[in-house]
């Protein structure tokens, strides 16, 4: 098991290197002028040219690539943001907790409510409870995040005055962003859970459990759910990418200074150091989440745990 | 069978709902050749704010300060370091806590930190600063600090419009001497060197981190900054200028705390205003203005802004090199309809915006292709060219407003038989496109410190690396007229008008629409103070104190 | 002396699928003495499993429903009991062994935990006590107790079936329902498992209903036999009765289709035709479309069971019409 984790960590390093290379190359070939973006439309061409030279974007590709890798991986210096004028690391460190808070909370909500709704729908398969829950899920999946966000703001901030419309501060500022970020994921998870439960529902070992005289609720909890969990864990893992992608939208609407908005303004402003650092951050974060998801498989299913471990016990005939 | 019928019905409902939504969201895209008659009210052009109620107590009458005001910004200042003060929302907030040697007002330099200045000769000017300037940390500002401020700005690479500046050196503890590259006879040539270069203490800069914790000399100091979210300023009690008579309106502190909150969505500003989360916003969409009308808690103020949308041709283009073609294009566009169609703008009636002080109202009285909509004339002019239905390219930024304007323009051109394609490009990439062949018409979004300044990026070929003005215009008369108008000696309505008319004669450019500021604010604010006509200075506004 | 332990009368089970109704069990009646083994024999789809699941009331609920009949266990009608009461009966008084050992166990629980689950449901035991008892059961079925902590995937098919048996018998149920317990196993293992069941039964005095389509298995293990066809019992009697003197044409067809070690034959002799569509059962005797002896009267009305000998009934109006077994053999082999 430990060996498996080690192998995955090695893979993570390789992925990070590859991501760094790819993002650097893409930015290099993206047309657009960092100096023009920084100085604005009214600066003269000469001033823009001088700024570009100062930023070092005119140097040959390999020189820039080498510098970038050296700085990032050996000195752990992510450079200074051209737009924000201070080290990328500082800005990221300040913004990270907010994005991570929203992202992880949304994942927890996805898991919890997705499971609840999905089990409810799955165990009442083909009855009205199932149809109703799936219809609600369909609505959540179809509504765009930002529209839901604006509707919620109108209701809770404007009409009721319970929650602030945007910004950061105490926990009340994060309630709506987290809910909006999780709605789509809850729906997706609910659908996946439902179909997993339906598959497991007809399995023989469920009948065995019932035939032992076990109560239905315990049958669901102890026999159905763990066996249904595998595809659900996969969905949650991929749902994480959905949350990452959605973070930029949620953060923009609610004006939360997180990594999503940082990346957006960096891209628009051609702030290469900031873009690279943010992308690398998301890549590493995603890899770690995927690793945790894969380890969860081992945790849930002993057959997979056996695959990961080197020692296999021989089957006794 | 029943299931299929129900699904079909639901699908139909879905399509109908989508169509209905789509229809009501957008405004008419100017397909017709007449302005949409009475379909939607024409945009609110100008609304004067309610006059100050002299019966009530305001901050103008006493030294008392209004407690707190929350301002909604719609872009992130990103950092608070004193360089690049024109970027994002910095011009909105920097001038409360940073100061320069001079302020710019109507193209005149008003001393702030400078006590006096003297032109030694054509290329040298000495400036003496007050000897009792202290920054918020208590550091004494001397000539060394002034030189350091300039030097740091130049080293950062963010010094723009500094063509006149050659050098600065210390003469004595409170005097510095500027060396110029050429005689200062152009209007606005010192706008950036004197009025947009902030002065700060070298010690404070080196010991601190100005990007997040700036130490300035202004009437406010920064107490909180969360990048992307909030900036909080507190009034300074021991402002360095003790002589009341020398404190200009721009350096007052009539409110104790100013909080700026950032949100890029205009819809959020409207909600925040209604729920009381912010007290002021200037990006309220046209259609939301009526929500605040007649409401005693809010005041409305709509003014023209400096931002103007120009359309200029590529004079080396296949068809746009022909003056008749250019005039045909310009006569084919109805600015009034364009403003109505795009929302948030007003029609341009002459080559600029009424916002500027050097804009001449008399230009609007003449009939020009800017304020005349004549598709028949356009078609006639078109016949005199070699154009035969080929497709030309309209180039502009891919921002929402530019896109809408370009689409409407395209429709107008189609009406007179000119076919066009739109190329929408990210702002950061525009430079690559405009310096090369291939485009025929370009839509600019220009602002500036004055009308003449706004024309700089189009007509002044010194601005460009290839030695030709925008759109590859190479016209000595134009250049001379422009340079002449800039000279301090010549600067005035006549020279500007001559330039204006020359451009129109040669059909070098047209204007489409001008921006406007839709301001809605808490009615506790008695009097709005705008710096240089565009930027709110909350510390200088007057507030009701009862 | 009524030793009747289980009594089933006129049991009816249906499955609803959309608009269609599948009549799985149509008026089945039989009884079981304490300690006795009854075999339910029939083709796949005859309704045997439905009978067993109906007795335990673990029919899959959305499609399946019991719509008639009485099931008396020691005098109490199980069909009238509440779910809470049934929870106590299942596992404790009636237990079931299923057909496919590969899927009958929860793959994510250790085998020991699964046995313990059953034990602790019906007995007030601590985990340690239950574990001890579970390990004893494992030993009894021939699995080393140390394998308590292993997962089902670490066992072969035969071993898993032993675990299932251990689990079913852990609480000493009075009645064991064994649904084709050896069908999925190969022949050598089959023998082991059958012997195991037999010895445990003898030890604990458990009654058993064995469902099978394998006449050889039935012959080895059972006391009485019921032949099930299209949800009805076509023939019912002791093993001796049914095997020596098969009466119903279907039963004879079954025996005829068995390949014989003694005679030389080139071709097998299957029963012509297929099972009737359970949503659209034919009127009268369900077997009449395939029966070589069907007459007009067979096609109408409900066929009542006919008593052939004491303790041997047959649901055929032509029962007893043949004069001899040889006679019937001739008829059934198509020579007539």
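All chains are identified by letter, namely A, B and C, in their written order; residue positions are counted from 1 within each chain.
As a working rule, a contact is a pair of C-beta atoms (placed from the backbone, for glycine too) under 8 Å apart; a residue touches a chain by one contact, two chains touch by 3 or more.
This structure is a prediction, so every number in the text was calculated from the model and none was measured.
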Chain of greatest Cα-centre distance to chain C: B
Per-chain Cα centre nearest the global Cα centre, belonging to chain: A
Averaged-CA centre spacing for the pair chain B and chain A, given as whole angstrom: 38
Distance from chain C to chain A - Cα centre to Cα centre, in angstrom: 53
Gap in Å, rounded to a whole number, between the CA centres of chain C and chain B: 88
Of chain B, residues touching chain A in the complex: 76, 78-79, 81, 83-84, 86-87, 157-163, 209, 211-212, 226-230, 261-265, 267-268, 271-272, 274-275, 277, 426-432, 445-448, 456-457, 462-465
Interfacial residue positions of chain A with respect to chain B in the complex: 31-34, 36-51, 54-55, 83-86, 91, 94-95, 150, 153-154, 157-158, 161, 164-168, 252-253, 255-258, 261-262, 265, 268-270
Touching residues (chain side chain C, partner chain A) in the complex: 53, 56, 58, 60, 62, 86-92, 95-96, 98-100, 103-109, 117-118, 121-122, 144, 147, 150-151, 153-156, 159, 164, 167
Chain C-touching residues of chain A, taken from the complex the two chains share: 125-127, 202-205, 207-215, 222-223, 226-227, 300-303, 306, 313, 315-317
